[in-house]
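In this document, chain identifiers A, B and C correspond to the written order of the chains, with residue numbering beginning at 1 in each.
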Amino acid sequence: MNTARAELRKLLTLPSLRRTALLTWAATVLLTYAYASAESHGEPLGDDAALAPLGYTQAGFLVLGVLAATSEYQEGDQIRTTVLAMPRRLPLQVAKALALAALTLPVAAATAATSTLPADGATWTPAATAYLTLTTVLAAAVATVVRSAVPAAILLLGLYFVAGPLLRAGSTASAAYLPDTAALDPSHGAVATIAWTLAALTLAALTFRYRDA
Amino acid sequence: MVNLVRAELRKLLSLPTAWVGLVLGTLVAPVIVLLNAPYTRRAIADGTLTDLSDLGLRDLGIGLIGPMVLGVIVVSSEYTSTARDAPGARQLTATLIAVPHRLRLLGAKTTALVLVVAAQAAVTTAATLALTQLLHGAHAPLPAPARIAAAILYWTLTALLAYAITLITRNGIVPLTLLIINSSVVSVSYLLTKVTDLASYLPDIVGAQMFIRGTDFPVEVPPMTAGLVMTAWIVALLAVGAVLFQRRDA
Amino acid sequence: MITIDRVNKTRSRTRILSDVTFEARPGRVTGFLGPNGAGKTSTLRILLGLDRPQSGTALICGRPYRELDRPLTTVGALLDGSGAHRARTARAHLRWVAASNGLPDSRADEVLEAVGLTGDARKRAGRFSLGMSRRLGLATALLGDPAVLVLDEPVNGLDPAGIRWIRGFLRDSAEQGRTVLLSSHLMGELAEIADDVVVIHKGRVVTHGGLAEVTGAHRTLEDAFFALTATEAGGPW
């Protein structure tokens, strides 16, 4: 419990996380407005306007996860302090994931509500909140393996915004297996999101456990 | 100056992440053409794909992640911490000690980036178009040389856009996120064009009109004007970046 | 020859340097002495054109660093860390630096040998130990065989053999007529190699002169230093 509190405090005092959360929310406001105004012009932009803005601003949550995890390894090598203070790797990794989820949840809820409520999609709010939170945890797990912010961001953004859409366009059957399908279609891809997050967490825990800090 | 450019080229090409950008950017577009070939053939046969003039050139867009990564890391690698025990230590210190004249340094950096990206663009464009000819040559004529040159220019300008934004933010994550989201299938800039016609003049949208003939642009801009508008964006952002780089403490 | 003349620097409304003025002359090792946070690194960063002062000048051989052509052939500098990107190999790092100043590639291997890193040339800089990083930083400083050396805490992180080597190297450099400016907070170390001493405290130069002159009536340089910097309540801290 102390470990989770320490991890939460560490995340709360990172200015880059606050900035990312704020920017992500602001971008969601802007895109929600864009969708609403396109609709009122009589030319809707295709996808479900309640969720479509989140399809873009989930990038902010990916970055949030990446920054939370890589902050340990950059500038000053904080990870050394962390593992000296809390030497048991697995409980530490669990505490990290929980702390990040707890921190992300309110941001995810606010962002999800910003996008869903104006488009009469209130029923989607809980699902979208859960999706964004899981995505953040997944990103942090991947970044824990990569350990460096820019390469981790290239990898995740490339997968979510370049490879993912291509695979879905290439074969509709692949949609059910991709971690980001749930962003636009929560009823369809939820299982995949949860499975990918758990897989990434397991991989992160294992590397964190067996690799030199 | 030749020495400085040589040093910057070396610096860029000895970074592992640069090779990610180089390989990814060069291979993605040709591979997509190859993978999509059956669907494209079927679409041509069914008559659902009628406008074939952009075939090949349009597929290039997906590889833009390459020049974006290159443009960003040319700058961001200077700002990442180099020493475990000295958070303030960055490669930029070594760079400026070797080349204290900042504008000259930026000139060399820009030249090195342009050389690398233009070469990459030429290779990937040639590969993509050659594959398109091989697979669908009967239906799609080879685009005019001017359009091919414009596509290469678009790649290079995209790298410079990423580079200029990173010079301003001094951090790779912000420009990467912005640019990669914007290169996804339906870009944010494209969404904005549905809201206001002014968005048609955003650099990525207007720039694409240099070589794409498609009709889904709300405001049609002639290729020459399109090139000039995109160049103006990049010159303006580079100027801001250069002034900040000149003024800020390293 | 290094000339620093009335340099002032303010960062986010805190005065970091006030009228810092001193010289470092050819053929001599000048020690730049002060407690942590006194302004040593800030002064050296301004001297090297990394940061800008609000007023005052810092010249190397009569010219600001930013105006030097192929500066590495005039000045060799060592600051925090190695200055090498973590993903780059030691040799790749030295080679791009060499190219930027028109130096031949062979210099990279020569300086690697000079600092004893030949065996680690193909290792990535991020995998270097603290001592090895410092050696790589030093190798970078030596690339252009410069007449002026500016070193910030050069012995930090070096092993006894490294410290002994650098002491000999700096003495030899000065004897060959080079200008050597090194900062340190290790007074015993400085007293061993410095000819001249500049003491900085809270952003001001409190004294400068020959080692004997600064030590004065005090038993050691260390005693002199505490006498000079303990003028305010609480001492140098």
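Everything that follows uses one rule, which is that a contact is a pair of C-beta atoms (placed from the backbone, for glycine too) under 8 Å apart; a residue touches a chain by one contact, two chains touch by 3 or more.
Computed from a predicted structure; not experimentally measured.
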Chain centres computed over CA atoms; the one at greatest distance from subunit B is chain C
Of all chains shown, the one whose Cα mean is least distant from the combined Cα mean is B
Distance in whole angstrom between the CA centres of subunit B and subunit C is 41
Chain centres from averaged Cα atoms put subunit A and subunit C apart, in whole Å, by 45
In whole angstrom, the CA-centroid distance of subunit A from subunit B equals 26
Shared-interface residues of subunit C (touching two or more other chains) are none
Going by residue number, subunit B touches two or more other chains at 17, 80-81, 84-85
Touching subunit B in the complex, subunit A uses residues 31, 34-35, 37-38, 41, 43, 45-46, 56, 59-60, 62-63, 66-67, 74-77, 149-151, 153-154, 157-158, 161-162, 165-166, 169-170
Per the touch rule, the subunit B residues reaching subunit C in their complex are 3-4, 6-8, 10-11, 14-17, 77, 80-86, 88-91, 93-102, 108, 247, 249-250
The answer for subunit C against subunit B in the complex is residues 45, 48-52, 65-68, 71-72, 75, 77, 79-89, 92-93, 95-102, 125, 130, 133, 140, 157
Touching subunit A in the complex, subunit B uses residues 17, 20-21, 24, 28, 32, 35-36, 39, 62, 65, 69, 72-73, 76, 80-81, 84-85, 87, 172-173, 176-177, 180-181, 183-186, 188, 191-192, 194-195
